[in-house]
Amino acid sequence: MSTSREKIINRAVHEIQDGMTVNLGIGMPTMLANFIPASMNVYLHSENGLLGIGPYPHENVVDPDLINAGKETVTVKEGGSFFDNAESFAMIRGGHIDLAVLGGMEVSEKGDLANWMIPGKMVKGMGGAMDIVQGARKVVIIMNHVNKYGESKIRASCELPLTGSQVVSRLITDIAVFDFTDKGMVLKEILEGANLDMIRNKTEADFSVDKNITQKEGSS
Amino acid sequence: MTKISTSFNDIVRIIQDGDTVIVGGFGLSGIPEKAIMALAEQGTKDLTIVSNNCGVDDWGLGLLLQNKQIKKILASYVGENKVFEEQYLNGELDVELVPQGTLAERIRAGGAGISGFYTPTGVGTPIAEGKEHKKFNGRTCILETGIVGDIALVKAWKGDSYGNLLYRKTSRNFNPLAAAAGNKTIAEVEELVEIGDLDPNFIHTPGLYVQHILKGENYEKRIEKRTVRA
Amino acid sequence: MTKISTSFNDIVRIIQDGDTVIVGGFGLSGIPEKAIMALAEQGTKDLTIVSNNCGVDDWGLGLLLQNKQIKKILASYVGENKVFEEQYLNGELDVELVPQGTLAERIRAGGAGISGFYTPTGVGTPIAEGKEHKKFNGRTCILETGIVGDIALVKAWKGDSYGNLLYRKTSRNFNPLAAAAGNKTIAEVEELVEIGDLDPNFIHTPGLYVQHILKGENYEKRIEKRTVRA
Amino acid sequence: MSTSREKIINRAVHEIQDGMTVNLGIGMPTMLANFIPASMNVYLHSENGLLGIGPYPHENVVDPDLINAGKETVTVKEGGSFFDNAESFAMIRGGHIDLAVLGGMEVSEKGDLANWMIPGKMVKGMGGAMDIVQGARKVVIIMNHVNKYGESKIRASCELPLTGSQVVSRLITDIAVFDFTDKGMVLKEILEGANLDMIRNKTEADFSVDKNITQKEGSS
């Protein structure tokens, strides 16, 4: 039995295909990098101005001039490049990033995303999230299905201020995978340990069930 | 007609109360740490700062916050700073949050003489409120405007007396954009080289953008999150 | 997942009748001469070409004109070409003259996902007719739109299998802008190098902009005006 | 007695000051480069992507990858740089070029410039001229005072399609120098061999005469 986080990461890493250019958000999405098969040639984009993020550096080569968007010290892989922030967001806004994986606070059934502020709490800023959700060719949100009070984070409409409207392509939670299509939100997969009733109970949003739905072994 | 200055304290005198100052850097990487320290010492007030972040409590732009020199800041992320939070909640500090890509493009536009541009970033969010909306090929965008600074402060790796600059790795970030968008740009460098030493095919910031260049000594280059391989 | 192709004739098959093709080069300098020749051989028709110039009668884009493959061209200067003049006066060729800086910025905007921008260039001239006008800080500007190509053809000096490119001297010109603005970008290079050979700090076009890369042999590199010192 | 062209060039070169970044148009303006004193450190900008144009190359180093905006082979001076066309026009439009010197077909008393097309003739294109007249900090036009039919090229208003409206800072002809100010067009200098009456006769535009007007030695 794996944790929610492990389930999400295990599922989300399959979104990454050989040859892709991928932007991973801060936090859980960043961890995906550790699970990309070594056989794949994937370039990770960091919006502060780096294409081709490598692993964390060995202690003796830590470089304050080489960080990722989360301000962590990193390395650069062969074939990588450095550039300024306008160029970096030209890549994003111009549709040159194949896939972005970001965390979420709320996702609505229309594919709206809220992940940057909670009214009444100190606002830290949106960083590059609003640009990324508009610009990446495919936006995948990964988050727990419910909050710490057991309430659905997948809403009929978001209560929190939006990061982007109708921008989510796919949502991966610890129990389900949904796609956002012209016909609304569609349940595509039931993850290990979950079943359709559980998902219905935990989802405020209205969704349809794909007729070719897949169910992971171990689903109840 | 060398642009080389030798004193940070002297050169920051061109910065006046109420100026708009565009400052390079991302987090603490690539910040013009010497010019910021001299500006803190000088005590210039009522500054509008344009910078992706606002430093930490005791370093970078945080030093100007501590001195209450900043009236307003345009930034995309300000989450690492308690002094900031206090002044913001007190109403002492005016904050305009700008999506990072829009901030970069606004500074780039300012330097390039582009008065305004349409971007999809922020449509349907609080950022779009009060802004002009327009559809292009069925896609709604909002109008954002260019930013020009009275002053730009940038940090580079190498530079020459004409003001040509090279940046190192991800410390480039907002620096070339800021350099082009300042009416007066002050560049601090780790290394001053002779004219002709830099390959003209690989200049990051051509010298015409820079009005003053200085060599800084003993860069501290603080790291916010030191992550290493196991 | 190498992007390296070996045949220009094979790769230009992705270009279809009616496509918009953005082509790098300034005059005859830095033009993708091999891809243009392969495209002339293929005979693809009704092309919309976006390029600063249109070659000369028997070289560069002039080859496509001779074949009557071009339906429309967006350019800033087309003065070196008699075939062009004939087809234009016959009404066979549609021409949109765009100021050079506006053309560069429109292509840059297309690649950067900027749908439109305001520029003072062309205000009060025939270029401004029918365009939206807007004042910024008292200065009138006109709205220009980004250009995206179905295809971009670029010429670089060195490149690697990921598509990272370096350009040489002023042959850079429109090439990096075109590279970013093509839905499919074909880059031809004088030299293919191994991944890791190019310094990541000095890449002109990062590889993600390029879909196909090929090595061209025996570049002719014609000179329009050979001027030498006495 | 010098030719019209020599008079114009001799006067125009004084517009160039030490430390300036200057864009010289194709044709007569390009020739100014030969008269800039060697003691001055001036960077010449070429809109195809070069800052720091050097002299024409020696025969053995002619390089097809190194040309100016007139497509002539050139060299690069120490401290120069190469860049793409968007960056080049960012320099122009963004006000980073101190001075541009261009040729003209007509200039109006309001400072309008026409120098790119003649209706009915084949249009070659405006190249970078429309950007340069809007962007350079100071725009100096150099041209003969009258056309080959003896008609004034300095008009009440331009008949030819404009390159830019109210963009000319200073006009230098073979007989006079005018500035364009809030108070209209002002005669600043009378050049060698000319006098005020001659200038009035050859100028269709309405202008005032600066009270500190200078008159070159040899003026009649």
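Letters A, B, C and D name the chains as they come in the text, with residue numbers starting at 1 for each one.
One rule holds for everything that comes next: a residue touches a chain if its C-beta (ideal position, glycine included) is under 8 Å from a C-beta of that chain, and two chains touch if they have at least 3 such contacts.
These numbers come from a predicted model, not from an experiment.
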{"item": "Set of chains adjacent to chain A and to chain C", "value": "B"}
{"item": "Centroid distance [mean C-alpha coordinates] between chain B and chain A, Å", "value": "29"}
{"item": "Interchain centroid distance [CA atoms averaged], chain A/chain D, Å", "value": "55"}
{"item": "Gap in Å, rounded to a whole number, between the CA centres of chain C and chain B", "value": "33"}
{"item": "Contacts with 2+ other chains: residues of chain C", "value": "105, 108, 112-114, 119-120, 167-169, 200-201"}
{"item": "Residue numbers of chain D (touch at least two other chains)", "value": "76, 82-83, 86, 89, 92-93, 135"}
{"item": "Topology of the chain contact graph, where touching chains are joined (line, ring, star, complete, other)", "value": "other"}
{"item": "Pairwise chain contacts under the document criterion", "value": "A-B, A-C, B-C, B-D, C-D"}
{"item": "Residue ranges of chain C touching chain A (in the complex, touch as defined)", "value": "1, 108, 110-114, 160-162, 164, 180-181, 195-196, 198, 200-201, 203, 206-209"}
{"item": "Complex contact set, residues of chain C against chain B", "value": "105, 109, 112-120, 134, 136-137, 139, 141, 145, 166-169, 200-202"}
{"item": "Chain C-facing residues of chain A, complex", "value": "18-19, 21, 41, 43, 45, 51-52, 76, 78-83, 86-87, 89-97, 135"}
{"item": "Chain B-touching residues of chain A, taken from the complex the two chains share", "value": "46-50, 55-59, 62-68, 70-74, 76, 82-86, 88-89, 92-93, 112, 122-132, 134-135, 161-166"}
{"item": "For the chain B and chain A complex, residues of the former touching the latter", "value": "26-30, 52, 75-79, 85, 88-89, 97, 99-105, 107-108, 119-127, 157, 167-177, 204, 221-229"}
